[in-house]
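Have a look at the structure below before the remarks.
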Amino acid sequence: MGTLHTINKSPFERNSFATCLAHASAGDVILMIEDGVVGARKGSSFAPALAAKLASCAIYALGPDLAARGMKPEDVLEGVKLVDYAGFVDLTTEKARVCAWL
Amino acid sequence: MGTLHTINKSPFERNSFATCLAHASAGDVILMIEDGVVGARKGSSFAPALAAKLASCAIYALGPDLAARGMKPEDVLEGVKLVDYAGFVDLTTEKARVCAWL
Amino acid sequence: MRFGIVVNEGPYTHQASDSAYRFAVAALEKGHEIFRVFFYHDGVNNGTRYTVPPQDDRNLQKLWSELAEKHGLDLVVCIAAAQRRGILDANEAKRQGKDGDNIAPGFRISGLGQLIEAGIQADRLVTFGD
Amino acid sequence: MRFGIVVNEGPYTHQASDSAYRFAVAALEKGHEIFRVFFYHDGVNNGTRYTVPPQDDRNLQKLWSELAEKHGLDLVVCIAAAQRRGILDANEAKRQGKDGDNIAPGFRISGLGQLIEAGIQADRLVTFGD
Amino acid sequence: MSDENRKKFLYINRKAPYGTIYALESLEVVLIGAAFEQDVSLAFIDDGVYQLMANQDTAAVGMKNFSKTYRALGDYEVRKLYVEKESLAERGLTAENLMPIVYEDEDDDYAEKPSLIFVDRAEMAALIRSQDVILSF
Amino acid sequence: MSDENRKKFLYINRKAPYGTIYALESLEVVLIGAAFEQDVSLAFIDDGVYQLMANQDTAAVGMKNFSKTYRALGDYEVRKLYVEKESLAERGLTAENLMPIVYEDEDDDYAEKPSLIFVDRAEMAALIRSQDVILSF
């Protein structure tokens, strides 16, 4: 079933996002929440690293957190899917465990 | 007189140390405190960036914080000077302002 | 499914408590069970009734207390973390010789074993922090 | 010289309060003046008398209270930040309809203007935070 | 207060809004500080540039949207908001992604003028070394 | 409790000690959790490796030195401390900079055996995906 990795920090502020990517196995899911959603933006210096991970992991961003930071769905890197809190709950049930990268 | 920049975060954890280096002007002083002192260690992936800054800025590390994290004076990058809290106070008086990179 | 939720930061300073609250509401709306919400580290600061947030902002303590009452949630504040940070119930206040307490309705103070138990009993443990 | 000190995080969770305390002691030992210590953000949590840290660890609230008494320090807790986080003095408790207060000896609650004033009056403002 | 007695205050904002409270509580200091009539500048560096994003919508996170307050700063005589170009570029952002923030210049027939000043890193470093008091958030 | 009823608990430690309380309060959970006789592993990633540094001396910072507690974990049946090699290397550290941490193996005439297990990033990822419960600090 794999692991749901939650990441709540900006990849521009902390190394926790890079560490999350480095420890997510093929078939895992990565969910950006809180300040982590700024990592979802296309055209940033972090986008290539995130895009590369899409080859082996499904990647989501929490829509409410994107909206709070002024980001629209079209600002998000292609391949990154959006969920709301209900979708967040579903992701936790679909994977065997949740690993929070704080 | 220049600025005293204090940096209290590990360069391996946050971007604040890199930002501090990028905004310290020639003649300024940089003081590592708290978790920031792990950036003082020689042989780390961060050491070259710190060594390069020694050309234009005096760089200090707070000895009590180094000791707490198991680091000895000989573990510290050459050119980085150690101070105690009294030395920290002196540095603040010798520069015109203090800029904390949090 | 049965969830355990861990909240590691106090209200307002970090978004952790907000995110955990909205996750909890969404889980309950989907018919899931919440075995326990465990407040650790600065998370214990969610459990003080002394907060007075600005009137045009959310009141996280009230939101948690009301959710607990409505759904019978078990909101546990870690005793060791609470002692360091000044969160007391009447028993603790008496035991420590303090002249008052500040625990909010619906929260109870208990040991770290409650966190381990949540990990054992819940199907998923979800952590919110800094 | 005349110092202003800003403490932006609560006790124990971050080292900020420890560092600020040791800086303050070192400055006083050198004969400097401390115009004010201003507690902002979670720093207001340094000012609760309800904390009971483990006996083999330092008690930051007591250290600050004792330093204030010995040297006549002005320890100011920001009122807006304190309201969000549940730090109350007797006046605030009455004004907000709360049944108790938790402010520690030597601390006083006041407005953000006290921070600006510290910036104006002090020769150096030194900030400790996360 | 005469210009000679004013101090130069710089507020450095480096955190995204909402994930932590620093952006909001920084703004609260700026608003109170305005009454002291000092020479105030704000710097937006690193994730701090996200504080100025247009179209912030906090309804679904249930938090107070304080972004409109930045647009009111001109009325408080806070008119120098320095935004670091490198911080925007690293994040895939441009000036067009930010809120328009202006003030009315009473010395120029109340013409609306921009408060956002886009500077590079070297100019930001120069700004820092020209200050009297630095508050970091 | 039979092995079938035990859950695999992983404590992920990523913060340096003393700068924040997370290392200490993680250790407090580990000690209490030991009484529940689960299958416990600790992971030290990123700055978390600093928690295991030898010769920690907190006298001058006035904080409690809790580093000796890691050496006592063997007595609590906590005997699997995974340390990430890449995290050490990035910080200019080697295994020799860490405290020696051992346990007594009661099935092998109480021979002292090392508790520190050095793994690379791929092995750490595999460890994570083999767990039932993950606690992050």
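The first chain written gets the first letter, and so on, giving A, B, C, D, E and F; residue counts start at 1 in each chain.
By definition in this document, contacts are C-beta pairs under 8 Å (C-beta built on N, C-alpha and C of every residue); 3 or more make two chains touch, one makes a residue touch a chain.
Just so we're clear, the structure is a prediction, and the values are computed from it rather than from any experiment.
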Chains adjacent to subunit A and to subunit D under the stated definition are B, C, E, F
Treat touching chains as neighbours: how many steps, at the fewest, connect subunit D to subunit E?
1
With chain centres defined as mean CA positions, report which chain is farthest from subunit F.
E
So, comparing C-alpha centroids, which chain is the farthest one from subunit A?
D
Same-residue or different-residue interface between subunit C and subunit D, half as cut-off
same
State, to the nearest whole Å, the distance from the C-alpha centre of subunit D to the C-alpha centre of subunit F.
35
CA centroids of subunit B and subunit F: separation to the nearest Å works out as 29
Distance between the centres, which are taken as Cα means, of subunit D and subunit C, whole angstrom
26
Just how far, in Å, is the C-alpha centre of subunit F from the one of subunit E?
43
Can you list the subunit F residues in contact with two or more other chains?
18-21, 46, 61, 63, 132-134, 136
Multi-chain contacts in subunit D, i.e. residues touching at least two other chains, fall at 12-13, 15, 22, 41, 54, 80, 84, 125, 127, 129
Please set out, as single numbers or ranges, the residues of subunit B touching at least two other chains.
8, 12-13, 15-16, 34-35, 64, 84, 97-98, 100, 102
If you go through all the chains, which pairs of them touch?
A-B, A-C, A-E, A-F, B-D, B-E, B-F, C-D, C-E, C-F, D-E, D-F
Going by the contact rule at the top, pick out the subunit D residues touching subunit E in the complex.
6, 40-41, 80-81, 84, 111-113, 115-117, 119-120, 125, 127, 129
For subunit A, which residues count as touching subunit B in their complex?
12-16
Mind pulling up the subunit C residues that touch subunit E in the complex?
12-15, 18, 21-22, 54, 56-58
Listed in rising order, the residues of subunit D that touch subunit B in the complex are 1, 3, 8, 15-16, 19, 22-23, 25-27, 29-30, 32, 123-130
Over in the complex, which subunit F residues touch subunit D? Could you list them?
18-21, 61-64
